[in-house]
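After this come two complexes, each holding subunit A, first together with subunit B and then together with subunit C.
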Partner chain A sequence: MTNHAPARVQNAAPPAPYRRAHPARRFLTQHAPALGLTLPFLILFALFGIWPVLRSLYLSFTDYDAISTPTLIGTANYSTLLADPRFVKALTNTATYMVGTSLLSTALGLLLALVFGGQRLSDQIMRACFFLPSVAGGVGLISVFKWLFSSEDFGLINTLRQWLSLDPVRFLGSPMYAVPILIALGVWGLMGYNMILFVAGLRSIPGDIYEAAAIDGANPTQRFWRITLPLLRPTLLFVLVTSMIGAFQEFFSFYFLFSDTSNVGGILDSGLSLVVYLYDLGFRHLQMGMASALAWILFLMLFALTLLNLKLGRINDID
Partner chain B sequence: MRTPFAALTLSALLAATPASAEKLTIWVVGDETTPKILQPAVDLYKKDHPNVTFEVRAVPGDQAFTKYLAALASRSGPDIITGYLSYGIEIGKKGGLLNLQEKYPALVSSVRKTANKGILDSITSVDGNVYALPYDLTVQLMYYRKDLVKTPPRTWAELTATLDKLRASGNKGLVQQWGNAGWVGFFPYLKQAGGNLYDAKCTQATINSAAGVTALTYYAQLYTKYKGPTDGWPDMEQGLENGDYALGMTGNWSMQSIRTGRPKLAGKWGITMLPKGPSGKSTAFEGGSLIGIMSYTRVPDLAADFIKQLYSTRTTVAMIKGANELGTLWLPAGRQDLVTQVNLPADQKAILMRQLSDSDGPPNCPGWEQSGDAVQKAVQQVVFNGASPKAALDDAAKTMNANLSKYGK
Partner chain C sequence: MVGERQHPLLSTLLRLPFYLLAVSVMIPYYWMATNAFKTIPEIVRNPPTWWVHTFTLDNFYNPGAAPGAPKDSAEFLGIFQIFANSGFGQFYLNSVLITLVTVVGSLLLASLVAYVLVKRPFPGSGVLFALLLGSMMIPWEVTIIPNFLTVRDLGWINSYQALILPGLAKAFAVFFFRQAILGIPDDLVDAARIDGAGELRIWWSVVLPMLRPALAAIAIPVMLGEWNNYLWPLLVINDDAHQTLPLALGKLAGNLTYDPRGAGPMMAASFLVSLPMVIVFLLFQRQFVQGLSSGATKG
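Let's look at the complex of A and B:
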């Protein structure tokens, strides 16, 4: 047999078995330029995004007053909080506020989108009017609500009641009205924003589906329940999840309507939310460990809520 | 080539930072007016110490604590801060403020001689340490409409009799603002009844004493029977101006703001001391702010020297006058004897001075900061839920005692 292989090959050592590079190394080799470009962002994100979150997780297991060195105390902060009546009150208020605000702002946002979703000038003006509170929010909006609901005769609602020969109501000075007023304020600020999202969602539904349904004899109610609502499900889910998260994290309306120089949370904590309580613990009482624990409880609740929402969305998908 | 370049760089650096120059950074709690009130003190100090530069910045009240903590965490920021009365012991005990009693005892002892006693007691810790000194003060007063109340009430009994008359004539009676339906509002009534939040040595809560129950029973009826407004911070001045209310209780700040901002009330309003309770005292609540030196400062002696100058007659008078020109009433807590320099009509000034001599600040007992909410809750349980004053105060006392043990260690 003649060996036809070139001498160079014949003399060479047998090839090493093929070895795949380590995935991390391969990733680095493949994406080195992109990583180089994104490195400044990644460093900043790790420093100001990831590190504070991990640090707060550590602090939640410590006794820390923001000045002295933190000392590890295990899960004591969590157990103290769960047995704390102020935490329970804050949780009840926040949950009520969240349910009321997210459901009402979603329903009203959808209603407004259905009524003013058209292209006429009047629709555009109405949309702008309803959207205004969500861009002009903040302390100014809360001040207006403070005036609207003032217990005094110069409060707008009490002035109207007086014209109708009704006694004034202590809206801001009575525990029973605190959460309903906060819900009203939250819905007013949020429904216009939700309306815009729903308008976009409605426009993405193809018109020929409605035409086909109309030809088949479906009335407007049937078209809404059988076509509009199912096809709006992604928007609906997004609006609900973001409204719930926003409501859970609300601070300013609770703080500015119901806190004064000597306490936060208003009468018998009727206007105390979880975030306001977190602020109270951390920045009025220097209990940073406890405040961090509350922040993590808040995170876990929001995470569970979001998972639940997504799960419900998927169940509908399968159906 | 190298040596001349290095020499040039070094001389440029030296020229940029003269060794003798020192800087004081001061953060003052309040709006943009507050640095202006301090400015005369800065100007006078700079006149005597031309090498010292200043940076004075206002910190909004609701952000102050957070900003000070951030400064402490990073050990950079102001050398001197002003803050609410609770800041001294609260931050000082944790090592955030210099212990002035230890480091500058002469300064503390000289301020002791002239300061408002109530404020000084509030900011001296139970072990005698002083982490900050009194800066300014505010005190509760009773405001009234002269045309609706001919003789302002001088006792609890006269107050309720006046309210009965006012309500019979369709007037709403009394509006309370500062600490409305809360612990600050209740505090003067407790003192006027002869009670106190804690015993003299801070060993236990005494809020649930017989005097405490008398005070809370009386205080609650101002809301339940006499229907005082319960909003967190009702607009007292508006209520007095439109005649809805004939009597109002709040801090001294309204003396100035009514004069400048309520022309319709001109000649129609007056101030009086709070009514006397069963103990015969008219004690009012005193608040205010203090001034301290951050523990990390690199110029502690300079900061202490500047603070020392604040209490000189020349500087205090200049600050009061400066505030007068700004249309603000600034009451120096460290120089009670100079409060008379404020720009007020003689009769109002006399009443203000009398009320100041019968007023008291919040307690300095350990755990009070954590217990204020419990007292607030006790007051509100009685006012809004009709709870028994004794039971509500017992609950508050329990929390206060628990916090005494917890934070008194």
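Let's look at the complex of A and C:
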């Protein structure tokens, strides 16, 4: 008997067994083919998806230097972190970055979608221009930004400031500019992405609602506030929350612009984010327990954001 | 504005600031692409030049500079000479290989699981789905430390499997494919079963072709994430042979602050790193946009 035969009969006909067999054996012949197909995924998922979550939770309650055996220390990691000025600094930076990046990229994305949401060729070209950074911006371009913001003679932004007779600024060397520069980069990379999401959202609003409103004498401003915005609310929420979650987890731009071989986080930790601090704790200072605790605090914050999203979404349903 | 009629002149005036914004968004690309083909003296010239005066490929390969020439020599090294021992070409191959295998592998594995979950459920498949959904709530930062320890304990530091395997089982892809497969009629699958097709065959020749839009939608974020992945390779790779482009670029950028002559090769490297994504974007613009939109319109 081939492997497929019972399965085929089972599915084509009602599941009445046509042959008496041991239940375990029947289970195997019936489900082994399906289970077998999922096995590679299941093994990888268990090893790199489930097991690390449990292990990380355990490690967060231990003192572990990655070499000797972990020793349980209760919630000491969590209380140490909450009292740690570097953690607070990283949290402040990340939160500022998150608020700035998500609000600006959402607002600009909506504005761009309203302006360039049409079907004209010029609209399509403009959309491609704004969208490009989110596709090809990543790693390749960040070193270009390091160059643009350089305080040397060849730093483009300082050269532009010279033309306007403004004094040169040490952008990457001044703590006050760190987060604003990161927000600018974040918005640069994200606004085109959000724009595309808004274009899709705007297209799903039926045109006849606008026509009816126009006949009733609503001006464009009224139409925007009374029709576009309320009907766009699900998209708006989605864009805002995904932007916030993404910004909260940002590692690369923080690390690349403000860390070098001897120092992580830049001057006075002005460019320290939560994930960069996690990296610093876990992999440079080998405090894996503390870093795991940080990861779980991060999870709780992201979880709160997601719950907030669900709650806001539910209010929206009642409308 | 969308769906509005305006006087052409007014609409152009309204759009003008946004055209300026678009220009400033493109400046980093323009700057990178032109500087990659400028000579070093021209790159560091103040005021900067806005177009290439002397076209050169020296930033990629400088025939005048011997490999391993001292840093203070008059000739600078091109990007392919800086990494002479391991080679920029090797990093390129690594990045392409890892991205390709991860995209293809995770899509196949996830769609197979989604197919089984929907069309061939087994006892416990509900629990599995709940686990998959639950794991989507957990950010990747939570798993990074234990995953590093696992890879280290398996002796996989400095290996391709360390770069590829941890990212192969993607829960969100299963969830996404499940939604798409729910729309495939059971009759179609049953008909194939009656014709004698095994599960693997049904998945490959019936389900996968119908999943094409969903496959494109998932492939794009997976590809971008993999191509730009920095932190994970930084943790598990410390030899030259398995380095990826982001790591190589990171090393290169470290030199920049100390030697302005590193700027030419770095612009050349940045250019080469973002080029594949620009090409893919230009080729598959439609799929990019549709793939993104499918997530948000029904928010």
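Just so we're on the same page, the second predicted complex is superposed on the first by the 274 of 319 C-alpha atoms of A that agree within 3 Å, B and C clash if a C-alpha of one lies under 4 Å from a C-alpha of the other, contacts with A are read in each partner's own complex, and residues count from 1 in each chain.
One rule holds in what follows: a contact is a pair of C-beta atoms (placed from the backbone, for glycine too) under 8 Å apart; a residue touches a chain by one contact, two chains touch by 3 or more.
Since we're looking at a predicted model, the values are computed, not measured.
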| item | value |
| --- | --- |
| Combined model on subunit A where subunit B meets subunit C, clash or fit | clash |
| Dominant toucher of subunit A (residue count), subunit B or subunit C | C |
| Which superposed partner A:Asn263 touches (first subunit B, second subunit C, both, neither) | first |
| Which of subunit B and subunit C A:Phe45 touches, first, second, both or neither | second |
| Subunit B versus subunit C as contact partner of A:Leu278, first or second or both or neither | second |
| Touched partner set for A:Thr159, first subunit B, second subunit C, both or neither | second |
| Touching partner for A:Ala66 - first (subunit B), second (subunit C), both, neither | both |
| Partner chain(s) touched by A:Ala95 [first = subunit B, second = subunit C, both, neither] | neither |
| Overlapping segment of subunit C (options 218-226, 236-244, 272-280 or 290-298) - the one that collides with subunit B in the superposed model | 236-244 |
| Footprint overlap on subunit A, comparing subunit B with subunit C | 66, 152-154, 260-261, 283 |
| Of all residues in subunit A, those that touch subunit C in their complex | 3-4, 7-8, 11-12, 27, 31, 33-35, 37-38, 40-42, 44-45, 47-53, 55-56, 59, 66, 111-118, 126, 128-133, 135-148, 152-154, 156, 159, 162-163, 188, 192-193, 196-197, 199-204, 207, 210, 220, 224, 234-235, 237-239, 249, 251-252, 255-256, 260-261, 275, 278-279, 282-283, 288, 291-292, 295-296, 298-299, 302-303, 306, 313 |
| Residues of subunit B that touch subunit A when the two form their complex | 61, 65-66, 69, 72-73, 90-91, 94-96, 178-184, 229-235, 238-239, 242, 244, 287, 369-370, 372-373, 376-377, 380-381, 384-385 |
| Contacting residues of subunit C [partner subunit A, same complex] | 1-4, 14-15, 18-19, 22, 25-29, 31-32, 43-48, 109-110, 112-113, 116, 120-123, 128, 131-132, 135, 137-150, 165-169, 171, 174, 190, 193-194, 196, 198-200, 203, 224, 227-228, 230-231, 235, 245-246, 249-250, 252-254, 256-257, 260, 263, 266-267, 270-271, 273-274, 277-278, 280-281, 285, 288-289, 292-293, 295-299 |
| In the complex with subunit B, residue positions of subunit A that touch it | 65-68, 86, 150-154, 170, 172-175, 258-263, 265-269, 283-286 |
